[in-house]
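We just call them A, B and C in the order they show up, numbering each chain from 1.
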Amino acid sequence: MIDSILTARNVVAGYVPGMPIVHNVSVDVAPGEIVTIIGPNGAGKSTLLKAIAGLVLFEGGEVRCGGQDVSGHPAHELVRSGIGFAPQTGNVFTTLSIHENLVVGGHTLGRTLLRERLAAVYARFPLLAARKYAPGRVLSGGQRQMLAIARALMTDPRVLMLDEPTAGLAPRVVGEVFADLRRLAASGVAVLMVEQNARAALRVSDRGYVLTDGRNHMSGSAAQLLADPGIGEAFLGGRRLAS
Amino acid sequence: MMGIVAYLVFFAIVVLIFGVATLGLNLQWGTTGLFNAGVVGFYGVGGYTQAILTAPGRPELLGNLGLPWLVGIAGAMAASAIAAAIVGVATVRLRGDYLAIATFGIAVALQLVALNWERLTGGSLGLTSIPRPLASVFEEPLSYDLFYLCLMLAIAGTVYVALERIVRSPWGRVLKAVREDETAAVALGKDARRFRLQAFVLGSTVIGLAGALYVSFIGFVSPFDFVPIITFQIWTMLIVGGSGNNKGALLGVLIVWGLWTASGTLISKLVPAAFQTQGGAVQAILIGLVLVVTLLFKPRGLIGEEPVVSRHLG
Amino acid sequence: MHREAGKTLLAQAVADGLLTGAILALGALGVSLSLQILRFANFSHAELLTWGAYIALTFTTFATAGTPIGPLSFGWQLLLAVVVAGAATGLVALAVDRLVFNQLRARHAHNLTMVFASFGVALILRNLVLLLWGPDAHYYSDELQIAVEVLPGIRLLPDQVFVLALTLVLVLALHLVLRLSRLGMAMRAMAESPALARVCGIETEKAIRWTWIASGMLAAAGGVFLGLTVQLRPDMGFNLLLAIFTAAILGGTGSLFGAVIGGLAVGLAENLSVLIIPSGYKAAVPFMLLMLVLYFRPQGLFGAADRAAT
């Protein structure tokens, strides 16, 4: 077992103090791995990511990134700790251009480093480079997702968290996004994502977690989860678990 | 001795008048969460309408129709309702800030109309000889004031009971749900807006009633009776009393008006004449401080059952 | 001859409107910034105009407005006073935030609580001016100015030309900072989505502080210009509050460019209206504009449609 770079243990989190949505959830991601979290709506998957990202109330548990404790740290510090996050809604700045989105993504970088990273990101995403000054709002869903990932990569994160990266995207675009994530993981980044598109996501993942009612329900390799009959019917066929 | 009794009666009447206004504001803010930043505008509309409808005719004035007192009261309430509807319909589908700005604006606009439309409002001189109800029956000042006090007790009591009933009714419960939970409001959609508009108009109608009662007691009206600081005073009365709560509202009026008149008297006695304006400034600063401090340290005094989580989280 | 006179009147009203509009634009920029970034309608913003004007006044009282430069009524000391007043007013704005608004934000106060607090703050700030400087009107200098014919039929005082020019400079400077600098991009990012901005590593608190400072400085400039072209009174800012809000809303939520256009539009509307309605109602024109905007296009001219809705 490779050592995980992101470890979350017994995380308790929610929106209203004293009324957590996430109850004692633990997840791990190792460098180069793609880990997908699936589960029914309202299971707390997004809330978990947001809690790690410092965007909602963190009420208990421990999160470590590369050995460093980042539990409940404010959102703007996470970038320096090596965690990048692409939220589901509002994942790009629509009033800023592609270039400005990236510059803002590199807010914490010094001038030279910013220039280097911009060059690297544009090299990796030539489609974005071609339309540097287009405003965010004219981008399609798939292009926005690409920009969101590119923006998160500006800080060269060790861990990239994505909240439903393929929501609302056409199947071909879904494939492109997942291909990008595979390449990313291959370069050593740990990828943790929440996905409704469970089957497609698990196919590109190494491991997965199933959350229900804000708790860990099951975990295992992606192949195991895909093969498991209970999971298959409940989550992968589009049918949802009756509560 | 008689002087003190007379003063107390007068004081009580003013407290009850402001009480009615505060009850109206409480329906808007305490129950429905609507921010009326132009309370004095509706108060003034009610007052001026009362004057215009009931004062005896003068050749140079358009209004002054010499109608009976009750017609004046009804007209005043209708006029406030219309003013509220104008502002309310525009802003009910928008953020709360917009209602604040719009109500602030209408108060400013109405004051300008009062100052400038001389043919109707008498301009900066205002209107005089506004008939007081049953003035011919109680000719002596003290006996008239006592009568008016009883009248105010009756009216304020009726308004209080009526509003309490309304708040506890199914309609009132919807208002509270809409105030507390914007998701519920969104789920109710257009209906939530209708409820909010109704509450806003009804609250303003009550505020207009208070204005009419004020004017028909004093007997004359001018634009300088309806200055922006009155909005402030009424808000402070509501906050200090603990909003969402009609009883608290009335208590707040008593406390704030008591402090205001006491400090006013103190200042006029202690401060030399040349610095009276500055004395007034100190009074205003104090009321501002009371408000800000209450908001900082006793937020429930303002919002009652405040939602625990900021709506702007994330 | 009649038509000539009418045209001159119109041209003059336009010129006056642009002047008022410039001052309103400076105030509206600050209001727009706080509507976007701080997410509440700050009713105390107009008092920063008053404070800026009076701080500059105190500065010039010590240093005198100086020997006038050319046709202007003031010397370079007033220019220095604008800078000093700008810095000082920025600090006042920060102090108010630290004492009141930041505390409320920390307690997750409802945004209407902040609006209400801003009323209290406005009352305090306005009456402090009354207390410290008295109720009488003040002026920066006693110099009388002669209007200059700038264009055929349009006479402007040199001071007014100066105000228009300097406002243009300030607005351009703000625009450049917001467009090109990283701080400006961070502020625009924050204005659109505080959560995403934080995810990018932007410390929202720092951006908020700069927002207050910028608002304060712009307001101070507006106040000095107002004091220069009209007079100084404790309620000078308060009298513009409605017009400033109307300008910000007309221009559009989320658009600083809109705030400038909005300011100019309201200024023009006010001054042109005098040609049609009695001048006593001039101050009600912003309200009518406001109602029109709220009824027909609440997001304003340049705003995003979803911003205004509940």
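The working rule: a residue touches a chain if its C-beta (ideal position, glycine included) is under 8 Å from a C-beta of that chain, and two chains touch if they have at least 3 such contacts.
The structure presented is a predicted model; accordingly, all values stated were derived computationally and were not measured.
A.B. asks: With chain centres set to the mean of the C-alpha atoms, which chain is at the far end from chain A?
C.D. replies: B
A.B. asks: If you average the Cα atoms of each chain, whose average lands nearest the overall Cα average?
C.D. replies: C
A.B. asks: Measure off the straight-line distance from the CA centroid of chain B to the CA centroid of chain C, and report it in whole Å.
C.D. replies: Averaging C-alpha atoms per chain gives centres 31 Å apart.
A.B. asks: List the centre-to-centre spacing of chain A and chain C in whole Å, with centres computed as mean CA coordinates.
C.D. replies: Inter-chain centre distance comes to 43 Å.
A.B. asks: So how far apart, in whole Å, are chain A and chain B when each is placed at the average of its C-alpha atoms?
C.D. replies: The answer is 53 Å.
A.B. asks: Give the residues of chain C touching no fewer than two other chains, as numbers and ranges.
C.D. replies: If we look for residues of chain C contacting two or more partner chains, we find 195.
A.B. asks: At least two other chains touched by the same residue of chain A: list those residues.
C.D. replies: Within chain A, residues 55 contact more than one other chain.
A.B. asks: Spell out, as numbers or ranges, the residues of chain B touching 2 or more other chains.
C.D. replies: If we look for residues of chain B contacting two or more partner chains, we find 308-309, 313-314.
A.B. asks: Chain B touches which residues of chain C in the complex?
C.D. replies: These residues of chain C touch chain B: 35, 39-41, 43, 100, 103-104, 107-113, 115-117, 119-124, 126-128, 130-131, 134-135, 194-195, 241-242, 245-246, 249, 278, 280-281, 283-284, 286-288, 290-291, 294-295, 298, 308-310.
A.B. asks: Looking at the complex, which residues from chain A come into contact with chain C?
C.D. replies: The contact residues of chain A facing chain C are 53-55, 74-80, 85, 87, 90-96, 100, 103-105, 107-108, 151, 155.
A.B. asks: In their complex, what parts of chain B are in touch with chain C?
C.D. replies: Residues in contact with chain C: 33, 35, 37, 86-87, 89-91, 93-98, 100-102, 104-106, 108-109, 112-113, 115-116, 182, 185-186, 229, 232, 235, 277-278, 281-282, 284-285, 287-289, 291-292, 295-296, 299, 302-303, 306-314.
A.B. asks: Within the complex, which stretch of chain C touches chain A?
C.D. replies: Contacts found on chain C: 182, 185-186, 188-189, 191-193, 195-204, 254, 304.
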